[in-house]
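Right after this note come the structures.
You will see two complexes here that share chain A, one where it goes with chain B and one where it goes with chain C.
So, the complex of A and B:
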């Protein structure tokens, strides 16, 4: 692996490629991550966007991108990416575009598509070793339609379709593991609040060939119910509490890129968000809080003892 | 029939206000419609919600064109033409504006002949960034102005509509709403129902008829990049982040990196500049600036000409 250009904070981009003026919510954690990612991928990209919040980025005739954009149905962005990649390859082969004019094909979907509806087409694309990047902005629910639960919703969270006193009864799918099990070139988790870690991973992904997939935890003021100004703080707490492990997998080998050695209790993360308010009032749900903490502890226990994996 | 329009920004609770008022009308035996209207835009963008209430069957549908009452949760919306606050306002319409300025000022400024009222003043919050949930109060005042909704029905409606937020939130909202309801006692009944419009008198909305054109004409390919910058999302803002350059350490541009909207750039000397045409006012920069060099001021104060934010 070649040396990173992102050695320190000061190497992060100070000018930004993604245009302002989009229709996304003030304080959107997904947009923050996308902006950081786009700075590194650059404008020679084709964004293949499945239905979701980020569809609102490009409302004809307005777009924040400096390159092309294709809209697909929710489940089929990787199939759309296949078509674009094939078309580019044919143009290259026929000499109608030069290698310098080639474009990166980048799938952009939310967690509804990535963890659920689009999982099968993603699996197929990885199987065919499609040369593409997949960016999933994961706000842990169907945010565009009012935050119904998705395959990415964490245990206990209140969503508009899990309003009971115990919140969402299911568990967040381990998409990182599902994707990694396909042995693609690269899989990583990022969060906009850890900009340097994100930059290094996108740089690494951009330099590889084949399927490269990124999950960006996207704190969502609207769906998670917190003040927009706390987007970065909540992203950082997700990492510091160990709820969102920052890691990467290259050809199946998993490395944690930022291990929180003194993990904060998960409560520090949960209590900041309205979607977990029912765990703290009218009375503390000790059982559920303990269970959430135990799951995070067990995860890091396995990380420290790889033989358990 | 009563026709009431609530204007606010996404996140200010005007959808909730319309639901509370709608339910209160219903409890008084009215037939009711209430519905929010959004564009594709999000939290902070102008939106409106409307309520129709009648003792008879309601056959009207769609947005309200001739409101009897217009409630404006945020006075910065009034001059925003896209918000359409003044649409269909006549001398019959009562305007209720949440503003620190006096009703006479608004009446004069907007040059309207109907009655203008402002929300009864609520004490300024300690933390200016703390969101003010005024939905219940707006519904409370509206309920009082129509004069046909009892205190009990209002109370019941708020308790039911906000129940999912927990008892503490309900109590806080009840207190605010009932206080506003009581304070507006002298204006009870100042909003009167507008005429029922029979089906034969239906008028088309003021839309623009466009001829059907070939796709190349009606939807030409856009080759320009980053055209979203034409959208001035700065209008969404109610609070403005202002940089105190004497405290800015020209760090690793934390504010610029974390701004979700690419609204903070660096000048040649490495000082950040905020693009107020696009800053949506999320205040992530205020929360993240390591040297606390960015603070928030209400947009009205900023527009009143406070020269803060200029680098001298």
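So, the complex of A and C:
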């Protein structure tokens, strides 16, 4: 990362491009990440959006974006990016627009689209080596419809469709691995609370060609049930407990960019969120807490011994 | 003029080639594949300066076509049947984007049961989407309609995507002599696409297809799309006139065949209209005053032309190659809606359903439909919708059922 312009927090952009006053929830971790990302990508972008919370950023006739925007549908934002990228390339190739008119094509979807309905169109776009950036804001459930569980929901979390004592019985899908298996140019995980790590990754992704995909863990006060002011803290705890590994993959080689050497127990992250409250009261669910801790430990065990990967 | 034997699919590909299309997002489906294979081959041979990309579904294909058109290139795509339905969310969506591009639909019956052969239930699912629809009866018409469709889609009074529809097998795989227009004449008729304000550019940021809150803005944009579609009636007439001047072939929004002095009129869409025409000629020879009306434009619906042509007729036989379950023929309903309460509207409108899943409509069935309609006129009352089916067909299906039963019983005994 020696070539980065983002050496320290102070070198992050001080002027912000994304307008304020949108209809998103206070403390939205997805918007936090998007603001940081947009500052680096800049306004010569066209954001291709799929149905989700962020769709409500642009409501006629207002937009917080200085660049362009196209809303598509839940399943096919990467195909919209394909159409725009191809059209811009055709126009450039045929000399019908000047290179200054070119745009970066950026897909913006939630985890509902990224982990599920939109996976087919994402797979197709990567396979066709589409030159685009994909941002998934992952709030670990169908947030915009009231936080029903999705393929991104972590084990044990209470959602509006898993309200029982054990929470969500499934396990969070490994989208990083699914995307990486396609061998795109770049895959990374980020969280808005780790702004420097995020900035370096977006900077790196912006400098590459081909499919580049970013999963931003997006703490969600509304869906995860915590005080909006704690979004940054919860984002940091996700990293410090090892629940959300910050990593990147360039041409198949995975590097962890911020390894929590003294990992905090997962409880430090879980107990701050209402969606895990049933693990702590009326009595501690020791079995489930142990299982969640064991899965995190096993992950980092594999990281420390790459031969196991 | 030199004419070449071309299938409907081949004629479609020629239309795309002559239209100077920049971009073809594609996905294969029978019976449409020959269109995209032909275009792909021309691109590989360097005969077409066009980019083609195969998407992973029709849903994505329509998304890409709409997004590319929104960026300001001339785009074309093609699908059929299940593919059209798989894409249906985006069919409605991109029409709302008000982006001009052209799609060929090669009509094929819908599952279940799954079939490859044609009827019009697929294309009628797109009826209310905002896409304009041009229905073709010959291979020549397919080629010519694609050229006119781009003019129509791109007209500043319209700015809507257009579907050019042809019947699977009966047109898609049937060779007919087709005149391939001169490329320069086509360029004069259809100059390169000027997207004007339809584009994504760094110097002119724009937000497209954004959310609205509440009914008034939603209704505003939906009404705008409807009014733009209505604009396409006079615009199509103007384009068709220019086309006739340039190429000598006339395509009105409604084809009227021997209707002037007709007492009874068949109404039918698509390639089976050529069968109906032949029946009209034979009925005329037998002294019956019968004519044919074929809506070429289905959306916008050419109400005015239909009312004018059918004014004063005694009876109309609407032959639907589709079936709205629990209601009947869709075209019949459209006709009834266009004619009800109009001065001199024909008093009797008889509904026939036929040609589903590639089932033929034979000459004797047209004669029978004429008789039924004649009788309805005499009775002053239309009978219930008639589902065309012969005793022989029923016997054949019963035979299949008997075989299935015997096989099942035999297998049961062997266990």
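Keep in mind that, in the parts below, the second predicted complex is superposed on the first by the 307 of 309 C-alpha atoms of A that agree within 3 Å, B and C clash if a C-alpha of one lies under 4 Å from a C-alpha of the other, contacts with A are read in each partner's own complex, and residues count from 1 in each chain.
What we mean here is this: contacts are C-beta pairs under 8 Å (C-beta built on N, C-alpha and C of every residue); 3 or more make two chains touch, one makes a residue touch a chain.
Quick caveat, the model's predicted, so the values are computed rather than measured.
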Which of chain B and chain C A:56 touches, first, second, both or neither: both
Touching partner for A:229 - first (chain B), second (chain C), both, neither: first
Touching partner for A:43 - first (chain B), second (chain C), both, neither: both
Which superposed partner A:18 touches (first chain B, second chain C, both, neither): first
Partner chain(s) touched by A:181 [first = chain B, second = chain C, both, neither]: neither
First, second, both or neither for A:66, with chain B first and chain C second: both
Which of chain B and chain C A:90 touches, first, second, both or neither: second
Which of chain B and chain C A:303 touches, first, second, both or neither: neither
Touched partner set for A:206, first chain B, second chain C, both or neither: neither
Contacts on chain A seen with chain B and repeated with chain C across the two complexes: 43, 56, 58-60, 63, 65-67
Touch list for chain C against partner chain A, complex: 22-23, 25, 49, 51, 53, 55-57, 59-61, 63-73, 75, 89-90, 93, 200-203, 205-213, 217
Chain A to chain C touching residues, read off their complex: 43-44, 46, 48, 55-56, 58-60, 63, 65-73, 75-84, 86-91, 94, 96-97, 100-103, 120-121, 123-124, 127-128
Complex interface listing, chain B residues touching chain A: 10-11, 39-45, 129-131, 164, 166-168, 219, 222, 225-233, 236-237, 251-253, 256-263, 265-266, 270, 275, 277-278, 280-284, 286-288
Contact footprint of chain B on chain A as seen in their complex: 8-10, 12-29, 31-32, 35-36, 43, 56-67, 163, 192-193, 195, 221-222, 227-233, 277-278, 281-282
